[in-house]
Every structure is written in structure tokens, then in C-alpha cells.
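Below are structures written as C-alpha cells.
First subunit A sits with subunit B, and in the next complex the same chain sits with subunit C.
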Partner chain A sequence: MFRLLKRKLLQRTSDHKDEAKAGNDYAHIKLDIKLDDNLNRIRNILGESNDVIIREMKIGRNSNIDAAIVYIDGLVDRNLINHDILQPLMFNLPLIRDNVNQKHASLIEFFKSTVLTVGQITESEDMVTIISDVLSGNIAILAEDTAEALLIDAKGWEKRGIEEPGNEVSVRGPKESFTETLRTNTALLRRKIKDPRLTFQNLQIGERTKTFVTVVYIKGITQENLITEINQRLKRINTDAILDVGYIEQYIEDAPQSLFPTVGISERPDVTAAKLLEGRVAILVDGSPMALTMPFLFLEGFQNPDDYYTRPFFATMIRWVRLLGFLLSIYLPGLFVSLSAFHPELFPTELLVSVAAAREGIPFPVVLEALLMLLLFEILREAGLRLPRPLGQAVSIVGALVIGQAAVSAGLVGAPMVIVVATTAITSFLVVSYADTGVLFRLLMVIVSGFLGLFGMVLFSLEILSHLVSLRSLGVSYLSPLVPIDFKSFKDTFIRAPLWAMDNRPESLAPLDKKRQAPNLMPRASKSSQTGREKP
Partner chain B sequence: MKRKVKAKIYLTILLILITICLAGCWDSLELNKRSIVSGLGWDLDPKTGEVTFTVQSIVPGGGQSSSNISGQQQGGSQTRSIQVDKDTGPGMYDAITRLTQHVSRFPFYPHTKVYIFGKEGAQYGIYQFFDVQARNPDSRPNALIVVSAEKKASDIMNIPDGLEKIQAFGMAAEINLSAQYSKYPAVTVFDFQKRIMSKTTAPIAPIVGIAKEIGSEGREIKKLRVAGTAVFKGDKMIGELNERESSGLLWAINKVKIGFITVPEADLEVVKAKSKIIPELQGDKIKITVEISEDSDLVLFKRRQDITVGVVRELEKDLEKEIKNQVMASVEKSFALDADIFGFGEAVHRKYKKEWKELQPKWDDIYPQIEVEVKVDAHLKKIGDIYKAL
Partner chain C sequence: MFLEKGKISNFQLGLLIIGFVFGSSVIISPGQGAGHDAWISVALGLMESLLIVWIFTTLAKQFKGMTIVEINSLVYGKILGTCISLLFIWYLFHLGAMVLDNYASFFKLEIYANTPRIIIILALVLVCISTVGRGIEVLARCSAILVPITILIAIADSALIIPQIDLKNLLPVLDVPISQILWAGHAAASFPFAESVAFLMVLAFVDITENVSANFLKSLLIVGIILIIVVARNFAVMGPMAAITNYPSYLLAQAIDIGEVLTRLEVLIAVNLITMGFIKVSVLLYGTVLGLAQVLNLHSYRPIILPIGILMAILALTTFGNSVNMLNFAQKGYPVYAAFFQIGIPLITLVVAKLRKLNPTGGSKA
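Presenting the complex of A and B:
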């Protein structure tokens, strides 16, 4: 049977290879002088899809020049075609004196420089370029006796506007988030950083999807090694489809077998801009409303845009709360299991009395009880997430009230366990970056503590810690600035120092421009502005 | 490459197995299979040498109604909150293991709040209990030591107590409160061990007895009451201190925190107190000076008279005299019992290390001959909101 499977699999892969070849058979074709031949070829390649529009026309003073425009309906701006391409070509051209061959090298050159009233025009004779440009929303203009095509950027498809960020909510910060259109996203970043050194580097990845991927960095800040490394990793990707930024993440991350993410994800332009300014590299993917940032360090997960938009004291406190929440979300159920199954002596006596009272008559061991409740919570969460929004709320109510309440009163689960699971459920969302990681570690921690108690928890924690220490993100130690220790960079870790005190960019990213600001920026009243009582 | 990965996997499995074996205590036991012991009673029959263990366990979820009903005195729909079991055996562990024959769950000792000794057993000697207690990691050094005023420990373990649902917790709270008001000492296992390990100092422990009241329907109601201080010599109980003597003891050993003192014409609240034991060798005579400094507030002045500086001085003198008398009462009692409850021996030891080697073996003979001087420096700090009589 396995042999059969293997054979089938082999057959499949070979099929796939053949197909790939067939798709690319126009790789080296250049345009011909004959318009008809060119159009036929394009028809052959693009197939008979009815969204491919090939509009043939006769232009020139005597309507003696054959020409055609090729575009995909729906991807281009119709207004632009009508007013800026068809109108100049068909209506204005006859008005212009026919001196094509005298002043201009070619007809195409003449179109480009004199006739067409559009912004971005390129020329190409490569069939591959033409096809891929047309497929990504450009218009190709071909003419008789010309072995070149004009490619006009006329992208104008239906798109979502810029909306408020849904996942990374900020109280005081800007309320815009990335959208699915790459160009909009780059514009959002450019609007934040009007530095000529902000660089967008374009790539196209995906055999079939031909997805645009943009690497963003600031020249003069970002360490060049990081950029080359990212580019190398991106170029290695040889797949047929990139549908979301998550695809890229999984192809380029440092520790694909780790439960911890080594690539940062944000939907906020302000967060991405801040990371760029710290010396990180961002990756934008067309069709994805998220930006990747690398290197991603462990403590970045505990930072939040509001930390920097509010005054430092509360920001520091809330950062500690986040840290505590993260630890609670990982340890609390495991701790409860260990204490009640292995070490009841560690409970305060009065607490033990009530915990013991709640456990009375519960049929499962406490490990199973914990796993059951955690699993139930994950089920409810997933259901609430995936169901249509009105139904989702109903599920939450059923889950929280009916199941939670009923399970306790039916004596299946103890009330303390419900409290523990509910607490972890809430705290796990304090640190969004590690919400998924936290779930896995929480479950593992419960299992481990069910076997070995606190001893197991300590063992597992050490394992996690040693794993964290060994992680790298784009060559940068994952735990920096804690490991290797760098006290100078502590200003943005467990405390959030005032902005005027954070003079340097994070040392661990080895930024080319280390200084962020002038020293001694602590605000103080200037002497001339002291308008109070004057001394006698 | 593959071999490396395999080796890694084997190594990981091996490491996990080793750690599991190393863990030793493999004691996962669900809470509903344990019975949490709140108080432990220990009795020894002097005639037969048989040991009786009394275990007061918490009934999980018990005592839901407001009234404190315990043990056999169950009434109405109220659930009992504690369960008292006892069994007797020729030795300590015989008694413990026999308990399992009629107790459904494993007893769990770390949360035990009080260890109660029956008077009989305490007079016979309680060394073996402390040996077991000190060897066993399950027990806590901050549990309280109590001597039952009745013959057996179990006699007072069934008496409902105060506001607490769990009787042993109530007993512990009573002892702590009386110690806080400087009436009787609260002695933890740790304190007791320290004293028992010293060659000269005599261990002490509060005595808890039963106070009988006549209830509304002419029924007798039994209640717990701290009723004295037991004085041990070595591990044997040899006598008791009454309330006044207990107070005197606390004054001398610097255990007075707050409390009230009555002098003939006033009641005073102690707010701050400090004492120091200063030994002095005078030839072959030993003189101990107990220095006590004390601040107090006036809470009641019985004479209807304005308070003047003279009155304050007078009250301070009375106060000093009263404290001195209390301390001397306890000193005389300890001389009579020939038990060094104050730790005078250790004080001498600390100051005169060389001489102590000779003094220590004959300390029992020396002790009653010690000259004790009590110096009290009492201050009346506040006289309350009025300085004129009403």
C-alpha cells in the first residue's frame, strides 16, 4: 500500500513539473513586428478568460495605423483608459501633424512622449514582462510595425479603505491600519517617514500568484547585513503561491520548529515605522494588511504603541502588568494542578479549605479537569471567532454562562478551576504576540505538572528558558538585551524610560546610526520664559 | 545526520526518565483523597505506655450553616465542619496506622495548626512526639503547642469553639490573641524545640481547658478557655503558672506587646514594653537584673480627681510596683518548681562562657539560689482626652 502511495506521489510531482514547464513556455519570446502575431500570442497565453480585453483600433490621421490595447477588466481604472489613453490615441492623434518618423525614433516613443497623458509608462519587448504587467493591472499598448509595447500603470481596482486597526487597538495613537493594497501601505509608511533614505525594495514571489513583496528599510540606520540576509531568504522562496504575509513569515523565520515567533507582525503603520526607525527591516506583501518586521526580539511582544504615546509612569506599570499576565497565562493552571495534586501544603490554609470543599465530589483528577476546561475554552474561542458575528456572541453566552455555570453546579468541575481558566483566558490576551504560543505552553505546563508537580514545572521552565536563550532572530539574540546583558538598552524593557532619555537606538540591532536624538532633551523651562515673580 | 537526531531523541528520553526517578516523592494525590488535619492530639497512658492519636480533620465543604457545630454534637440540617477520629496503639506509628482502619482518606498533616497534649501524657514526657515531629518533613514548625487541662487531649478536641468553623483554628486564634494581649504565651513547635534543646531552659506551653456555662435552657454549654501556662522540665510537665505568673513570665522574657494592667486606682494600657535580662557573677553568687521599660496610656482613673504631674508620678510608681510584683511572683513560682523558664541560664552562658562549664552541671542546685532584682521604668504617656475629672 505504501508503495502504491509512493508511486502516486511521485507521479504527482512529475506532473507538477510538466505543468510548470508548460506555463512558462513563453519565457524567452520577444515581441514581433507584426501586430496580429503579437495579439494572437497574447491571446494564446492569456487564454479565453472574458476579463481579458484586447481592444484593436485604427489610429493616425488617416486611420492607417493598427494598434491595440490589452488589459484585464476590473484591474484597471476605466476612466483613465477612456480619457487618457483611448481619447488621446483615437481623437487627439489625428489632430497632431503626422510627423512620426521625423522627430521620434518610433511610434511607441512618440506615444509616450507626446500623446499619452498618464504618469507612469515603461516600455518592454519581453512577453513575460508584458503578460505579468497586464496581469497585475497595467495596460499594454501595441502597435503595428513596432516590436515594443508601452506598459501604462493604470491600476484601479476595487479596494478596501484604510480602517481602524482591529487587533492592535491603541487609545491615544493613530487609528489607521494597513490595507490589502501594497501601494496604499507603502504610502502609509512614507507619510510617517518623509526621509529620502526610506527605501522600498520590490520583489515578485510566487510562480503563479506573482505576488509583490516589498522590503522596507531606512538606509543609514538599518544594518546592511540584515538587508542582505532578508533578501537572500526571500530569494530562496520558490513556491507557486504567496497569499498572505504569513506565507512569507513561514518561509523566512529563523526557528521554524520553535513555538516562539521570531518574526514580528503588525497591522499598524505607526508601529512599523517605529520599528524601521529602530533599525529593523519590514516586509510588506501585496494583498495582506499586515507588515512583517525582523529581527523580532522576545521583549518586543510586551511593547505596545500606547506605551510610547502616554507618559512613562503608567506605561511602565502596564508593561509589568503585561509581563505578569503572560506569566499567569502560562503558569496559573499548571500551578493550580501542581498545588492541589502534589503540594497542598503550599496553599494558605484557609484557601486550601475552600479549594478542598470545591473539589469534593468531582469525578476527574485535577489534571483532567484543567485540560478539559482549557480545551473547552479553546473550543469556545475558536467557535466565537469563526462563526458569523451575531452567532459568535450567542456561542460566547452559551459557553460562558450555560456551560461554565452548569458544569460547576453539576459537580463536573470545581469553581476554583473555572476561575483559574477564566483568568488565564483573559490574561493570555494581554500580550497579543504570544497569545498562540501561550495556549500551547499552558497546555504543556498542565500536562507536565500533572505528571511531576512543581518539579516538572521548574524543569519545563528551565527547558523553555534554555530554548529561548538559544533562539536567534535574523542573527540577533532573541532575549537581548537580557541575554547577552546590555544595561544601556534596559531603557525600553521592564521600564519604559521617558522619550527624552532614550537617546540611543537598541544596541542589539547594531544600527548604523546609533543616536536617535540630541542629548539632554529633558524638558525644562528656559530662563527667558520665567515670567513669575521677579526677585527684588 | 539521521543517527545524530536519533541519538538526541534517545538522550532526551533518557534524561526524562532519569529526572522522574530522581524526583523521589511520587506523591500525586488528589485533594478529595486527602483529609486535611487541622489539629493533632497526642496522649500517652502512663500505666501501659500506649499512645493515643486524635486527629481532627476538616470536612470539606462542611459547616455551611452559620452555627458552629462540630463532632458528635450535630443538630438539624447543619453539616459538621470537623471530624474527630482517634485510635490507640502500643507505639506512635501503631496508633497512626490503626487510624487508617476507620478513616477513609489519607491524613494530610502540613496544615495542622495545633498539637495538643493530654495532661497525663505531658506529665509522663513528650520526647518521642518531638522526635517524630522533627524527623518528619510533613510538619510545620509554626504550629502551636497546647497542653490540655483535662487528662486527655481528645477531651478538648470536640468542644465547639468561638466563631471559627474549624475548632483547632479557633483554638490557635484564641491562644494567639491571648498572647497578643500578654496574658499567656503562644508557643510554636519551633520555640518549644529551642527550649527543649537547651540544657537549662525549661519549656513552656499554654494550657487550654474547658469553661462551663449555664445556657438559656439550663443546659450546660462547654467552651474552650486558655487557662494557664504549663511548665516543663526537660520533656516532662511539672507544674503550672496561673494568670498573674504567666504575665510576669511574659514581662521578663520580653514577650509583652500590648495589654492592660490594673493598679489599685487606675487601669492602664501597655503600648510599648521592652525587657532585658542582665546576669552578673558575684563570686560564687549569681545576680540577675531584669530591666523592664514600659510606656502606657491611662484608660481608667478611679479617683474623681484632676490629673496632675503628681498624680502621674504616683500612678507610674504604682505601675512599676505592680509589674515588679508580677515578675517576682513568676520568679518565685519557678524557683519553687526549680525550672528555669526565663532562660537565666542561657543569659549567664552568653556572658560568662568560661564559668558556664562549671555552672551548667549543677544549675538545678544553683537556680533557686539566684538573686533576682527587677528594675522597672514605667512611663505614663497619655492620659486620654480629658485631664480634668468629669
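Presenting the complex of A and C:
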């Protein structure tokens, strides 16, 4: 009942918003044939900002045609304007015999087909399109007696080059990462996958920012349901600003109330390409050097590009180390607290003695001690991250000396607790995807074990498990292939099988093309290459 | 009226059954009344329960996609059916409370002497409540992760104690009076095997109902054999001690000592008890709330999970004042009390359905 009312109310307000949008002064305006009127309208809409350039000129054989180009200074390539637009229009055009009206349907059509020496040109008569194109770095050409404008892609602004990935470091893999420019990012992907079926689908989201968002997938691999679902979720976003890929993530994720991420983020083109090839969908956002991938499954967090670029044995071991590190980072402080507060008998005797000796004279209960240290570590980490770079070092020295050394000798915390927290701090960064999730669970785990010991930890883990099991990312079970169990897909979970053995794409994503490669690819020497050394 | 939209696979059902039957029998050995012949009693109980399971899976197969509550109202009519359903729901509810009680007693006696029972019980019930709220599918998937771990621990536990096994402790075989063995056998059937009658509330949601019977019997055999081994092992290691201690498996795990490195494994047994107790209580709580929701014609069972769960905790806190009382009931009264629900209701319902020639093929509901 109340829900119904609420929905009705919401509908009312959203209707209202639509009306307000319709009240925009240029929503349905089409171009006029009078150039002056058109330019005045554009001036009205774009206002008095001095980065808007409206360049009027006279073209044609006898300089008798009025025309104008409109662009935003700084967003467009000046060279291109001078050489490929102004020069042909003003210099070359008079040389061409002007039988414009007979040969071509319109002047604009004539410009497009014969005069302008630029690549991407579209036509539009719709004011909204023209304005938004100009604002995103296109040039609009308008002419007298023409109710159409030419929109030329001339984007050329200052941008950062492709750099080494800063967060996802790889030893043997490619060392390039996404940048803030959408076009560069799509090119990076296209360079990895030269498949004509690699599809980039464009959307513009954000009432005011008009941010370009690109949905990437490979036709014939990615399940179509996933694409439609992503598109629906993206279309639902009705906000005024999308400033980063993180905005999109929070608007489309499956479990907004969960501590676990259900959307994958990567800054590496190779990782994103690999995920696309497994049958996932990627989302790129203009202005953000990260790519989202969905569905994101729990075990993906434990995969690392180097796993695939090195031989399988070490990769498998490292994967186990990562898993262990993740578990340690969540459980270690809690375990220490519950053992020393509730179950001291579980310590080996010698260890118990030294732990008890270290806690001698410490004023806080062990839970508080643990919480204090964990919190201090988070403070140090955040400070180290945000401080201006030269100061960061000072923080780490203060942290190491004051908190590590002095706190122990002053008897505020025990040395074992410092060891535990330090170990946790290191291990929590083994699995980058869950570094922030881990912090929260670690704190909760310490609190729970302070109340109920091991018993509480097991119960809390059960709660986490049942939560994890209930999660879905884009309809795919979060824990797959563990739950529902699928032994065939185990080749890329706890072990990393050799590449030649991974014949199939992950089953849980229901890819349209299941086979990744031909069977029996295990390398072996061909008959002809055998040398004669072993002849009898 | 579709209260539950989830579907579980046969594989998940099997693991759920194993987890359910493990339940509190992780620490409480069945067949305690038969002394060192307890393993024979457990075997007999397993056989009896296979028969019982055959009865109620036949019932479930005949009424596909229906829970016992829906079957009852179809077979007996509205009023009588509702009464019988309520009795059955009471059994699930009461059984849940008993499991909670068992498990709280264990923790109170062995580990948390100073923690109030209510905290121990509430902590588990709250986790169960939140899991049941996520539906049967989540519960089944949880068991798919937890049960293999438990089985592994049980096997490892047994393997590590092998050096201390003395088979002479099991001799002479069949020394205990046969009536005592049989009674203990029936007790073993009623706890824990035939308690799986609670699955009459779950079987409706298995995706392929054709081989439910075989699957059910298979799972029961697996867990039965593990329990027989566990019981025999306990007596073989501890001798007569196993008959008089409350929690022989726990005590036995304490005895494991491999090179002074692998010690203190009883923690794992306690962990097993929590996880399996969680599965059992959750299934029972699920059955109770789903049954009640169907009896009361509710749109969803979710709103009543919290109150029913709390009531279950209160019942667990108040029924048996102490564990001696509980054990007494478990050995003397329970086998008779439970027989009505485990054998009586399914058997009578099946017979009445046959007599009335009710056979809704394909389980299509109006």
C-alpha cells in the first residue's frame, strides 16, 4: 500500500522533471534557413563564454554565400580547422565552378562530398545534436539558405599519454594502461582484438556532463542477455553528472548494499581484453582511465594477469598464496583476539607463555588493543596516500618508529599485536580487488571475536558465506564455479591450468561460442624435428 | 500460491540432506543405548530409516511440487488437513528448538562456561534467520560448500586416530541384549536419520523430481556409513568411556596428537557442529515458516521468519532445564514421540491418498 503510494509519488516527481527538461529553450528547435537566426540562437544557447568561437565568412565564387563555423576553442584541433576546413572553404571553393545547385541537392551536401578534406562528417538539423556535438569537440558548419549543419569530428585537446599501470603492476605483461580519453581506450582494445565482431556501443549519460559511455563486447561470444541487461541499467541512469567510471559502477551494480563488489575494475587493456574474450561486457567512460567489467565473480579477484603470462606451476602456487593472504588479512587479528581472550589453551604452550608475557601490564583488553592498532594503521595508510608526496615519507617514518617501536616499549600495546597487525596490513594488499572489503570485514571480525571468540567468528563467517552465495552479478552466481558447482571450470580457479588445457570459456557466463581453441594443443615435438642423435 | 521461487538441484539436495542428518550428531553419537554394540544399532537404524524415507519420498513423488502442507489439505480436506499440517509444523519447530538446545548445552559445557545460554542460542538463530530469509536456494548452496568440508574433517579425524584404535574394545559383538540393541536402533533411526522427514517441506523445490527417492536414499547411506564409522571408532578408541561421556567425538578429537604439531583438533569438531547445526536449524526453521505461511495463506513467509526464529530460541531455552533432562528425553521419550511424525503422518497420508485414488499427475496445481 505504502509502496504503491511511494511509487506514485515518485512517478509524479519524475513526470515533473520531464516537463522541466522539455522547458529547455532549444529542445525541439530545428535549424532555420536563415543563417543569422541560426547563429543568434546558438549564441543565446551557448551564452557569453569566451571559449565559444563563431567564425563568420563569405564563400563561393563571388564570395556571395554567407557561412559560419562554430567550435569550442581548446577542444578542437586548430591545424585541422585551418588546413582542412577554412582553406578549402575560403580558398579552394571559389576556384571550383559553381554549379552547386544543379549537381548537388544542397550546399551542405556539396561541401561534404567535394570540398572538405576531413574524415568523419555527419549532418544534422537538430539544435540539440548540434549543440552537444559542438560541446564535445566537433565543429559545426552552417551556411545561408541551408537548414542543415555539417558536424565535423575535429577533437584535439591536450591529453595524457599512455603510461604504465600504477595499481595493477605486472612483471611480464604489457606495460600500458588506459588513459582519460575514451577514443584512446577503445583503440587500445581494438589493437588487442582485431575481430570485426568487437563492438563498441555508444551512449551519452548525464544531464549536464553528457559523458560518453561505451559498452564493449564481442558479438558471438557474449551472451545477449548480458548486453541488453547492461543497456537497460545504463539507460535507467538519469542523473546530472557522470565524472568517473565509479559513478557508473554505483548506479548499475547488482548488490549496492553488499560489502562485496559485483563490478570488476581494471586499468589494464590486456586484462579487459581477456575478460571480453571470456564473454564479459566492458564499460568505458570518457574521462576515466579504468574499465568496468561485468559480470564480476568472486574468484576473479584472485586472478592476476601475470598468472597467464607465466608458466602454470608458479602461477598456481601464487594463486594459493593470494587466497591465503586474503584469508589471513580477514581472520588473523580476529583469531588472535579470540585465542588470547577465550581459548588460550589453543596456543602452543611456549607461544602462550610469550604472548602472556608480552601482554603483561597492557592497560586495554585485547579487543581494544587490536581495534586501536588496526585503526592506527588505516590512519597511517590514508595519510600516506593523501599527503603531498614529500611528506608521505615523514608519515611512514613516524608510523614505523612511534607506533611500532615506542608504543610497544611504552607498554601501550603488546609486540605480538604489532606483528599481527603488520602482517595483516601486508597481506591485505595481495588481493587488490578486495583490499577495501577486507578492511571492513577485518574490523567486524575483531569486534565479533571480542564478544564470542571462535564461535562468533565461525557464525560470522557463515553469515558472510550465505550472503556471498546469495549474491549475483548480472544474473551470474557470484561464487560460480564453486556454487553451483561446475568442475569443468575449475581449470581457472584454485589451479591455473596450462593455457593449452583451457579449451572452453567459463561455463557460468554462458558464452555463445564455448570453445576457445582446438583440442589437443599440448605442445610436443613434431616427428620431423627429431634429430638423429639417438640412433642405435 | 508460489511462496518459494527458488529451485535446488538434486546434487544440492543430497548435500543438504547429508548436512541436515549430520546436524547435532557431529557430537552426539546415535545408538548410545547399546553400549559397545552401538554401531550395530546405528546400522539397524539406518536400515529402518531407509524404509521410512522410501515412504515419504514416494508421497512426495506422487504429489510433485507440493509441500506436506499442500498435500495434507488435498488429501484430508481443509480442516483436518490444516490440523495435521499444524502438528507436523509443530514437530519441525520443536525439533529445531531441541537442536538449538543440544548445541547450546555443548558449548556451555565444553567451551563457554561463563557465557549465558541465551547468547549462544541467539547468535546461531540470528544467522539462521538471515539465511532462511534469502530462500532455500541460498541454504542449499551454503550446504554445498559446508558439507564437503565437514565430511573431509570427519574422515581426517578418523584417519588421524587410527594409531590409537584397539579393535578389542568392540568385542564381544552382540554382547548387549538384543532388545536393547533394537531399541537403540530405533532411537538411532528417529535421531538423526528419519528426522529428514522435514524435507517434505523442501522436496517440492527440487528441479528434477524423477530420481529424488534414489538420491535421498543415497545421501542417507553416505551419512549413515560415516556415522557408523564414527560410532565404531569412538568405542574402538575409548572403550566403555565412549558410552558414558556426553560428547565422545569431541573427547576423541582431543586425544589426537601427531608429532605434537597436529593437536587440539577438537576445535574443528566444534566448527563442524556450528556449521552443521546451522544447516539443520535453518532447514527446520525454513520448514516451519514456509508451512505456517501456507497454512495461513500468507503472501510471503519472510515476515514471520524473525518472530518464529525468536520463538524457537525461547522454546530451546525453556523446554529442558538441563542436559540430563534432555538426554533422558532423547533416549526414552523421543523415539516414540518422533515416530508419529516420522512414520505416522507420511504413511497414513500415503494410504489415505491411495484409498481416495488421489493422483494428481505432474503435480499441476490449481
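Points to keep in mind about this one:
Everything that follows uses one rule, which is that the second predicted complex is superposed on the first by the 509 of 536 C-alpha atoms of A that agree within 3 Å, B and C clash if a C-alpha of one lies under 4 Å from a C-alpha of the other, contacts with A are read in each partner's own complex, and residues count from 1 in each chain.
Definition applied: contacts are C-beta pairs under 8 Å (C-beta built on N, C-alpha and C of every residue); 3 or more make two chains touch, one makes a residue touch a chain.
Not measured: the values here are computed from a predicted model.
When the two structures are aligned on the shared chain, A:Val458 is found in touch with subunit C, with no touch to subunit B.
Of the two partner chains placed by superposition, only subunit C is touched by A:Ser470; subunit B is not.
In the superposition on chain A, contact is made by A:Glu345 with both subunit B and subunit C.
On subunit A, the patch touched by subunit B and the patch touched by subunit C overlap at residues 342, 345, 452-453, 455, 459.
For subunit A in complex with subunit B, the touching residues are 340-342, 344-345, 349, 352-353, 355-362, 365-366, 450-453, 455, 459.
Of all residues in subunit A, those touching subunit C in their complex are 342-343, 345-346, 452-456, 458-459, 462-463, 465-467, 469-470, 477, 479, 482-485. Listing the residues of subunit B that touch subunit A in their complex gives 19-20, 23, 27-32, 34, 36, 58, 60-62, 108, 110-111, 113, 138, 140, 166, 169. The touching residues of subunit C, when paired with subunit A in their complex, are 9, 11-12, 107, 111-112, 115, 119-120, 123-124, 127, 130-131, 134-135, 137-139, 141-142, 144-146, 264, 267, 270-271, 274-275, 278.
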